[in-house]
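Each in structure tokens, the structures are laid out below.
Shared chain: subunit A. Partners: subunit B in the first complex, subunit C in the second.
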Partner chain A sequence: MNAGATGFGVGAALRRKEDARFLIGKGRYVGDITRPGMLEVAFLRSPVAHARLKRLTKPAGHEQQVFTIDDLPEIKTIRANSALPGFRVSEQPVLARGKIRHVGEAIAACIAGSRAEAEDLAGACELDYEMLPAVSDMTRAHLPGTPLLHEDWSMNAFLETHRNDDVSGLDAIAAAKVTRTLRTSRQCMAPLEGRGVLAEWDPRLEQIIVTTSTQMPHVTKSGLADCLGLDEGQVRIISPDVGGGFGYKGILLPEELVLAQLAIRLGRPVRWLEDRFEQLTAGANCREHHYVITAWADEAGRLLGVECDAIVDAGAYSSYPFGACLEAAQVGSILPGPYALPLLRCHTMSACTNKPPILPYRGVARTGVCYAMETTLDALARQLGISAEAIRLANLVRPEAMPYRNLVGKVFDSGDYPEALRRAVAAIDVPSIRARQAKGEAVGFGLATFCEQGAHGTSVYHAWGIPFVPGFEQAFVRLSPDGILEVRVGVHSHGQGMETSLAQVAHTILGVHPDKVRIVLGDTALTPYSTGTWGSRAAVMAGGAVAEACRQLGDRIASIGAGLLQVTRPDVVVADGFVRRIEGEGSVSIADVARTWYRAPQNLPKGVDKGGLEVTAGYRPDPDTGTHSYAAHAVVARVDLETGAVVLEDFVVVEDGGKLINPMIVDGQVLGGLAQGIGTALYEEMPYDGAGQPLAATLADYLLPGSADVPDVRLEHMETPSPWTTFGQKGIGESGAIGPPAAIVNAINDALASIGAEVTDLPATPERVLAAIAAARAGKA
Partner chain B sequence: MKPSRFSYKRPASWDDAVKLVLAGARPGAGTQSLGPMLNLRLARPDTIADLRHLPDYAGVSVRGDTVRIGAGTTHAALEDGVVPGRLGQIMASVARRIAYRPVRTRGTIGGSLAHADPAADWVAVLPALGGVAVAFGAAGERRLPLANFVTGIFETALAPGEVLRAVEVPMLRDAARWGHWKFCRKIGEFSKATACLLDVPGARPRAVLAALDGPPMVIDDAAALLADPTGEARRIVAGCPGLSPWRQAIAEAALRHAVQGARA
Partner chain C sequence: MSRIDITLTVNGEPRELKVEPRDQLADVLRGPLMLTGTHVGCEHGVCGACTIEIDGAPARSCIAHAGSCDGATIRTIEGFGDDEIMRALREAFTREHALQCGYCTPGMLVVGRDVVRRLPDADEARVREEMSGNLCRCTGYRGIVRAIVSVIVARRHARREGACR
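Here is the complex of A and B:
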């Protein structure tokens, strides 16, 4: 059953089924849904970063329309714990209680017939608070004497981690040593659709139905039931079309809990739609890292060791379910990247500050870590006088070493990392860039290589001890009486094209045309449990589960078909939508098998499986330590020495995602991630002032790359199958967002090498580039 | 966010518009700036007087050597060449780089000028082109020189109760040289430094440096700038207080590029 051959199965660049509705504006999002009698909610949010909340005076005559935490005592605080030793867990009230810990923290929910009127109410509330000094600098948050956000803690840090390899002897033997202080800015995820919640109580089912823009409906359901003290059966989460997730929509929001409790309390549907102002100033924070990193290498550029002190600004609370340490605590395990690193000394701190909680964003930790490692490698190469390619080739894990366990215990499944790098370099005319540099042009060539662990499962996550652990992924498949195949999975689709990729998987196993495969997603009442779509896992996990369920269903179909053909099970195969005799003539269509089971059971063979044409099957790769896709990014950048502006002249990506289920969708994933990576590299920055005030409240201030700012990317694939997954597929959804900052800044620094300037902080804005040039010139003078 | 409650009025005559504005109404044109300000509740007018349906609000007419451009003329119309001749060419080249086309189809030259955002394109360009703003108030029309129409951040020379009715700009001969340069990190971003230079043979060259933290700086005689762009740009920018080193650098670059453009 090689479905690629039919043009519809695994490996086919099929156009996306779901685009039929998206392209004509018929997608259905939370904001498109209304209910009779529905009320709108606006949140009164804190204007200050750190304060004691003394009193809220509700607008006279509207007291019943404004709800504080005192009015909703049923809702427990959100606790996203971790089993990592030393973790300090935060208690996040869904509405501020006693204390305010960041600008934008919700203080009261205001309800009215329209959003504008609800905002009027929020504006008419009077807040009385006593200001406290704000903690806004992550590098100083932990120092003694700093005001504590959580007053029962001993310092403003969720967690510190240590890895203590002995690097003290390296100074004596190394041919080169570099130390860099690097910084990445706080960013805000910006999915086109913001968060949105519509909650309604169903008195018949005694169930709260929460329609919410989430990428993890089942985890949201568990969190919601926990915090509201409900049975899980009393909660149904519906996630309709979701306009981009990127991690932000994996988070259980305080707003979701408030809306659900309000719907229960009022017996009326209530809705809240996040607006861009809330998203930027109160919600989707991510990615603020600070590194002091030292690396040692021998003459050939082989790494002898790395020492790193990393701080991540985790904000005020540990968000549910991933917690406050997903970024910092992974720095040490991601730093070795795709390289054979012998020694690593690493200290990390998840600083607690008066900012919104840091949330996982596509690439989670890797984007910053890759930036730190790859720019440091280039600095080493410059010191050694070898090329950026040479230093990487000296350290990349070699294909013959696969599967490879690195010093922190990550297991790389397969691939030829050096070949990806060589291809990326070969795609660029490097000599012409050197010639332009020789003429004095500020043009540069930059590389980044990295690998992306995806679909890592139980064995990796149980040690984190966060509120969920991914286990076996399940899929439910049902052959309908008319021969339509229905597939239900608990992962979700928010741009990934799952309705197409999973139909291709089903087609590969059963031969049912993808048009006759219905994928059902995004409803906890209709789909089997899944932790959802995150961590580049859906193609591997749901793909594997759908394949397994289809295989088992195929076996039942084959048994019935064999009976109808009056032969035995081993005499037939399922192919192209038919049960066919292996030898000799004779076939019966899958649709006829279905008709027989449902409508003519008198014709079923004896001993038929009584489970019928519905199967729920589970899947988990073995080992489940994750697939490792990898890529090499090569960039040509030109710097305008007058203004500091950077132009990307060329961008090459060589990517290996294993067997590609749908290469066109994979291209889309890589390109979309790349645009976000370019945003991290050059544009996106949410500055906070010393008082903890966010300074980019609109998209006029928070710059996202537009279509004109993303160059035409040349994308090449390698396809090294993972030995551990159903089709050899690997998780690849985040890859595009990981490499660009490192590759772009390396290209900038190459362009500035003759001046001796280096950019260290992201994004590499014209102002920062010009400052680096000025600093280098001042140093020389 | 959603706007706070306001009443919407659509005056049918300029006199009615002025009455509304005198009574406190906020004039609205293309609402490309006012709209977001309403949504963010930075502006909370009781009443918005929508000027878009006033007679002759949009459109261009030529009288002698002067072109009168109705305040409601959209950037898109200017981009598409509604103004004739060399002046029209110049204005089209400016208009096509204002934000995005969807913004340009609604945003107006008069709205932008009256809003007086220091980073706005017409705020920088019109003082260089010369001419006058036509204000309309209770006493009728009043002409104010464009060179100092914008007096500060979001501040203009319009008197209370006056609305901007049109701008009148002198037509240009084909020999007029023009340079215009602005620094935006991406299309649609507000400019961080804008400069333009108009050099008409036989007249004094005029330059403007804008997108500063205040009104545009008009350089009435830019001959020195044309003669020594680098040195003169440095001298001009050194006279602008409060700019960071980077803003100084791009302001100087803007002036140099404006000269280059006018020489090309």
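Here is the complex of A and C:
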């Protein structure tokens, strides 16, 4: 079979098939869909962070339009458990029951003919509650005497983890030791399309059909069936076009459960569309980390050990399915990064606070951990008087050591980490930056190197014991009577261009033109079970599954084709949309094979596979511990010492995602992630006050990077195939979002090195930069 | 609630509507007129996803009261079928991978077309500045900026060639 690229297959920068509808405004998102008789839902949400809910008085005359948890007793609480020892599981009621645990927590669902009228109802409800002291500082949440969010717990923490390598002897032998206290701010993922749910009951099928903007339709189906006490067959989840996910839509929503139950109860379609205020103040948050980190190195900069105490603010509940600990509990395993680290002592805590629950945002824990490790490395380099490049080269895992098993047991599949770094440095004119610095200019050069585990499967996730452990990814392929190849997968696409890249995979195996490949996604009634799109897994897992299913289908096509050519199976190959004789003349098109199976079965050869031209095949890499893409980011930043403003003069990324299925789409993923990482580095912050009130309620307060804030990034690829995947592809969807905070702050700190100032907290706003400068000057004075 | 009678010309067709005082133009376009290509991103005029043309100029339909638009000429993403600049922009957007999830795309195209028309000599920095009122969470903007710049450059070349003839 043809495995090479023909201009349409794996490796081709094919333009996207899905663009056509988006460019004329014909994408179809949840908010674009209506049903006859549909009612709109607005949620009454808590104005306070921590309180005992005493009474809700419904607006007179509208009692039947307002639903509290007492009106919907059928819905079970959401429990996202974990098998990690010591994990405290939260019971999350879909509407507040007895207690309120964060601002924005839903208390009642209000239903009317329009959203505005539903909001009027929510506004007319009277809420009686007794305030409790709010827990909003994650570093103090666990302390004795702090009010407990979940009163049967012994402390406000979902989980603590420990790794206890002995680092006590390092002080005596190290040439350098640095300790830093670092902080990253709480963020909102802020996809441009908010969440949205449309639920309708089909009395004929006795099925609840929930159209929802989700990254994981099948997980939502199972979770919804569990919580509503329905058979899985009574639930169908449709996820239409999704206006950005980034992790924000990788969750079973309380709102999904409420809407589904309301549709069952009322026998009418109901819809809820999250508005931006809800998204910013009530939707899940992410990435609020606190580190106290110490690192030791010898005189050459080789790391001797790292000690780290990390706290992640996990909010009030454990979200389904990923849980409250995916960030904190990964700190210890991600800290070694791409380096050959000999010793690690690490304590982590997932703090429980009166804030919305966290979700894993693109990069998950890596963005914060990379920031902690990379800024600490630069501090070590400054102390040793060696360059940022030198200290990384002294520690990066060498290409000849691949595959490399690091001290925490992660296995790096392939690559040349030092080469990526060297290329990134070579792309920047470092001497000219040093010359400008010598003239007193506050300009700096910053680096970050990291690797990203992606598409990790069963062997990794079973240890977490979360509600869903990914197994074999499946794809269904069918050759239609007209020769069109239909491919159905359970992952979903929300900007990743899978309608194109998976068609390229199918083309590579079967030679069918991508225009004749129809990719079906986002509907549990039409696609095989999948845990969905998250963890940079789709290109590896769905790509592998589609390839495997096409191979098996190709074999059946070849057998029928051989019969039509009056030769035997070994005499033919499938190539370019035809079954061709290997020797001699003769071919039959795949479309003719399809016609024969469906419309002229009298011509089928004897002994044909009765399964016909439909195949479901599964795929999982072996080993399934995940691919490791990696990158080096190099940044030139200029700091205005008067205003604290930071300008990114240059940004270079050298990235290795293994074999790229569609290089244009991969560039898009890296660049998009990068803009989000720049947001983390310089702009995005959801502050909470001491009462647990969110202080950024609009996009004028919560600053997302715009086109003028993101430089024209220079992107270079290396393509070291993963030895473990179908085409050598690696997961790379999150990579761009990991490195920017580290590289940018390292550049800022390089610019401020002559003053002796260091930025420690993200985002590096003008205020924080000025504070760092002032602190350094005060220290010197 | 009392309703307001308004007449709009939407994508070339006269439309008579009864709207509530609190209805925003985006709600009217997406609801009764079923023009769902206009996307609502923030409902407070920051993200730009809902940008349409009112009387020939880009405007945020999420903060334009429908009742105050009586007599206005409206053009949405569905109304640029034969427009030469829009055709060139759409081609450039797909070539430069200027869209991923597609949610910001209609607003980007409407504003991008205005930039192309208004600023025939804009360079990359100017385009970045002009587009900074439209947020995209997926692409990192490089494709969007390159696409718009490429159309400006192509038109500049065409203009010069025309002048030489």
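Note that the second predicted complex is superposed on the first by the 775 of 781 C-alpha atoms of A that agree within 3 Å, B and C clash if a C-alpha of one lies under 4 Å from a C-alpha of the other, contacts with A are read in each partner's own complex, and residues count from 1 in each chain.
We adopt the following convention: a contact is a pair of C-beta atoms (placed from the backbone, for glycine too) under 8 Å apart; a residue touches a chain by one contact, two chains touch by 3 or more.
All values derive from a computational prediction rather than experimental measurement.
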item	value
First (subunit B), second (subunit C), both or neither touched by A:V713	second
Which superposed partner A:D32 touches (first subunit B, second subunit C, both, neither)	second
Partner chain in contact with A:G644 - subunit B first, subunit C second, else both or neither	first
Partner chain in contact with A:Q496 - subunit B first, subunit C second, else both or neither	second
First, second, both or neither for A:H102, with subunit B first and subunit C second	neither
First (subunit B), second (subunit C), both or neither touched by A:D275	both
Which of subunit B and subunit C A:G668 touches, first, second, both or neither	second
Subunit B versus subunit C as contact partner of A:G123, first or second or both or neither	first
Comparing the two partners subunit B and subunit C, which touches a greater set of residues in subunit A	C
Partner chain in contact with A:E767 - subunit B first, subunit C second, else both or neither	first
Subunit B/subunit C common contact set on subunit A	116, 275, 698, 700, 706, 708-709
Touching residues (chain side subunit A, partner subunit B) in the complex	114-116, 119-120, 123, 275, 277, 642-645, 682-683, 697-698, 700, 703, 705-706, 708-709, 765-767, 770-771, 774
Residue numbers on subunit A that touch subunit C, as the complex places them	15-16, 18-29, 31-32, 116, 190-193, 241-244, 246, 275-276, 494-497, 664-665, 667-668, 671-676, 698-700, 704, 706-710, 712-713, 736
Sites on subunit B touched by subunit A in the complex	1-5, 36, 40-41, 183, 185-190, 244-246, 249-250, 253, 256
Touching residues (chain side subunit C, partner subunit A) in the complex	20, 22, 30, 35-44, 46-47, 49, 76-78, 90, 93-95, 97, 99-106, 109, 124, 127-129, 131-145
